[in-house]
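Multiple structures follow.
In the two complexes that follow, chain A is the common piece, with chain B as its partner first and chain C second.
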Partner chain A sequence: MELPGDALLNYVFPNNVHVAWSVMIVIYPYITGLIAGAFVVSGLSHVFKVKEFEPIANFALIAAFCFGLFAATPLLVHLGQPQRALEIYFTPHLTSAMSIFGYVYSGYLLLLMIEIWLIYREYFVRKAGEDTGVMKLIWTVLTLGVTTYHPDSAKLDRKLAVILAGIGIPWAFILHGYVGFVFGSVKAIAWWATPLQPVIFLLSAIVSGMAIVLVMYSFIKWRRGERLDQPMVKKFSAFLWGIFILDVTMELLEVAFAAYEKGWHWSQIKPLLLGPLFETYVIGQLLVLSVVPFVILGYVVLSGVKGRLMLILANVAASFLLLQVLFMRFNVVVGGQLISKSERGFVEFHWEPFSKEGPLTAIVLFSAPFVAYYIISRFIPILGHDDDSSVAR
Partner chain B sequence: MNKPLENRPQSSRPVIDAGGDDARREFLRNFLAGTATATVLMVFGPGVAALAQGGSDSAPAGASGKAAPKHQFAYVINVNNCIGCGNCVRACKRENQVPSAVFRTWVERYVVTGEGMYVESPNGALEGFSQVNAGIREKATKSFTVPKMCNHCENPPCVQVCPVGATFKTKEGFVLVDPEHCLGCAYCVQACPYGARFINPVTHKSDKCTWCYHRVKNGKLPACVTVCPNKARLFGDLNDPESEVTQIFKDEAWMVLKPGMHTDPTCFYVGMPREVV
Partner chain C sequence: MAAPSPRSHLYRLLLILVVFGAGFLAVKQWATPDSWNYEHWYRGDAVVEAAAQPLVYGGNDSCKTCHKDVAKLWRKKPHRKVACETCHGPIVDHAKAGKKTAVAFIDKTRAQCLNCHLEGINRPRAFPQFSKQGEIGKLVPKHKELDAVTPCAKCHEAHDPRP
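On to the complex of A and B.
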């Protein structure tokens, strides 16, 4: 393995032996990205009036909310002193890129909740009138005491929901661009320190969020034995393809720039990419997980393919993209820390599957939004139920 | 004549004024200033924060209108004098109850050959170094040992990135961690270019060299300085013209680690070969 700094022996600083930010900090930006991406889908319908996305706009919004509920949990598990987590709200140190995360994240979650409430308010009011017992109480609480609904209310609700969606799109961009900023602004880590990092994080967030919406939508429809909306999937694939091209362009630009510049960054990054990250970055993220979905989506968008084959291809590509972004998160978060600050060696990463911050915890945390979605979907119509006439779009 | 800090009269013993809580008390005012202010602070850093608050701990007296601190401590490592015995590492471990496998200070051995560089620090040089193997020794053109530790930077990235202000720089130059407020998020560990910080495996909080703050405030020297047999480690007050560290700047060419990081360390190296990172 080629070592940086003319080193003949792999030397890492004694405090660099372990990767301080491991699997939890890999899935934290991954889940946060899913929120931003899913929200963009609903925004494209609500704000930019992409009519093909109308049937999945509310679904994407609820999905974004479910991911939002659990986006901060990996951070909580990661903290050495989780009981102090709320101090980030009470005593934020404003020179820190991380300090306003609590406000940006909570504000976004609140916005999502208000938008969902406005969209489902009519449904809550109707159910509060229809149901009895505990359910009536729950629905009444969800109406927040406003138990009448007029056509004027509907008009106002829709208007407010569109305004919120309009605010939500830049906010989603800020939320995830900001996550990229947390990494990109660390000058001590060559693989992180680039102004492109926020852009890369944002674009990859949209890619992964759109991909998960498509895969979840297809799975739910398939489970119900319902037909998938082919024009929507086709249009969706075109958007996904376009944003993915932008995403990969930025990812490649970052590396190409460092390679051409041949400066300090490249002296650290080159042996990293050809050494410890060769499998997960060069082969995984680039050659397999980028090229394959790029070709498949290109075929779906540019050819006349339709029917079952088109749906399968779009979902295969979306699944590859979900993995591509997961690999990207791993390669950035863990990859950056593999370069020891000794600049003369690489840190060894250990998966530690059963540790507090290991992959098992990650699987549990990543499953939680899907469980939340399942529970919510038992109570409110999200994707084309028969009784969703009282749900605004 | 140079006088060791420990031998100075009692009356001149440093009185430390840790200013870290100030930032926390500013929270309400900062919060009300809104997100726009936060963004400006994030991007332009503590310098702007200091201007907004009408001064800074580290600002020159003329700029802020405040008196300069009574003490301005600095640390000097003379690489020419280090023999790699590991006394300093052992003293630090004992003095600060540093758990195994993490280090507030460590010593590196560099063996330079025509083919490249052998750098090592077995267990932080807690037990010193064993002999270099014969094959490498034959090729060696030079060899030296270099102590490492927190650089107590003037512009510390660890302080900048701490999300709750648990790590801070005092007026006298110490970069410290407030264990009562540290979240253990490890952002400071990432931001430090020198690998000087770690998450303490026992306390699960950020940890690092404090220049033995608890000793210095009682007029003693840091433990590592006390035990160094060859004056490779010096510590003192730059405001004291008689202190050893002040004298160094009169005669010696000094360097800092990773000057390209622009962290302005106050841990200065004398006789540091260019191979040292």
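On to the complex of A and C.
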């Protein structure tokens, strides 16, 4: 195996044999990215008035909220100090990207909550009038005690929701651009240190967020036995394809620059990509999980394919893209740490499936947003049956 | 009863946000240590607390006050960068207020020497390096007849360890 720094021996520092940022730190930017991506879908409808996305705008917003609820849990499991988790909020300062994150993330969750509240307020008011007992109390609390719905306030709410969505798009970009910033600014790790990192993280976030919205939408509609909105899926595929092309372009540009410059970065990255990351990066992320969805989505968008086949192809491509971004997160987070600090060898990564920070915990944490979505969807109409006139569009 | 204003729900939301924000600021104020130094980002009292800790290691100057002769020899030799307490243990176990309280501990084992002199590809080539037990003769011919346990200090004077 080729080794970094023309090393003859795989020399790894004795305090550098364990990959400290493991699966938890892989799924943390993954979930954060899903929030940003899902929010972009609702923003495309609410702000940019893409009318095909109108039926799924609120659904995407709620999905973003569900992912938002659990985005920080992998960090909590990784740090293992829940009683200290809040301290990041109490001593913020501008020299720590991690500290600023607390404010960006919680501010964003607040914005999402207010936007959802404004959209569903009419529904809360109606339910507060209809239901009895505990549910009436809960609905009334959700209306903040204002149990009449004024026609003027409907207009006002709609306007405010659009403004919040407008603020939310750059905010979502900052939220996820920041995650890339945290990695891109680690100058000691050649595989991370590039100013392109925030852009790559952001674009891949939008790709994964859009893909999960499409897959969730299709799954829910299929389970309910309802027809899928074909023009929407077609338009959605076009957006997804376009953003994915941008995403892969940035990913390839990063490597292309390092390869062309043939500098110190490349002396570290080349053996990494051809060695420990060959399967997950070259074969996984690039050859299989990028080329296949690129071809499928291109076919869906450019050809006249319609009906069931189009829906299946779009969903297969979206599932591939979900995996592509997951692989990308793994290749960045774990891959960067595989280059030993000695720069003369590779650290070995161990999956430890049942450890505190292992894949099992990751699966449990990653299921949580879907459970939250299921619970929320029992109480409010998300993917509208068309008679839900009391939910703002 | 007059109909509520079309903005009344927003006023209530604003009130909740203000109360939440004020509560956060109050908790933040309460949770931040009083002596927090916002300019250099550390807890001011930490310095005082650290300074008040009992002395364990005194540093080379504290040894020199009594052991002038050894200090003189040691200062000119290759081991001059090694602190006295590395091999002799902390001064707190040996002397207090300028008076000897106990015999200083000396670690004369081979393992103690190999803490620095064990061969490693990260060490400069000119730095004397030795393998662990049994292979000690590879680099230095004189070591060929050595067994695996004889301490280095049997032949080498630690303050001036040159062959």
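Methods note: the second predicted complex is superposed on the first by the 389 of 393 C-alpha atoms of A that agree within 3 Å, B and C clash if a C-alpha of one lies under 4 Å from a C-alpha of the other, contacts with A are read in each partner's own complex, and residues count from 1 in each chain.
Please note the rule applied: a residue touches a chain if its C-beta (ideal position, glycine included) is under 8 Å from a C-beta of that chain, and two chains touch if they have at least 3 such contacts.
Fair warning: this is a prediction, and the values are worked out from it, not measured in the lab.
After superposition onto chain A, the partners chain B and chain C occupy overlapping space and clash. Residue contacts after overlaying the shared chain place A:Ser342 against chain B and chain C alike. Judged by the touch definition given at the top, the superposed model places A:His150 against chain C, while chain B stays out of reach.
Applying the stated contact rule after C-alpha superposition, one finds that A:Met98 touches chain B and leaves chain C untouched.
Contact with chain B, but none with chain C, is seen for A:Ala188 once the two complexes are overlaid on the shared chain. In the superposition on chain A, A:Leu9 makes contact with both chain B and chain C. Once chain A of one complex is fitted onto chain A of the other, the partner contacts of A:Phe90 extend to both chain B and chain C.
Once the two complexes are overlaid on the shared chain, A:Ile114 sits against chain C while remaining clear of chain B.
In the superposed model, more residues of chain A are touched by B than by the other of chain B and chain C. Using the contact criterion defined above for the overlaid structures, shared-chain residue A:Trp21 touches chain B, although it does not reach chain C. The clash between chain C and chain B in the overlaid arrangement falls on one stretch of those listed (23-31, 77-85 or 149-157), that is 77-85.
Overlap of the chain B and chain C interfaces on chain A: residues 9, 11, 87, 90-91, 93, 95, 342. Considering their complex, residues 5-9, 11, 13-17, 20-21, 75, 78-81, 84-85, 87-88, 90-101, 103, 182, 186-189, 264, 337, 340-344 of chain A touch chain B.
Chain contact summary for the complex, chain C toward chain A: residues 3-10, 12-13, 16, 24, 27-28, 31-32, 36, 38, 41, 121-122. The touching residues of chain A, counted against chain C in their complex, run 9, 11, 86-87, 89-91, 93, 95, 114, 117, 121, 143-146, 148, 150-153, 156, 160, 342. Remark: chain B residues 23-24, 27, 30-31, 35, 37-38, 41-42, 45-46, 49, 101-103, 106, 108, 113, 115-121, 123-124, 148, 157, 159-166, 181-187, 189-199, 203-206, 260-261, 277 touch chain A in the complex.
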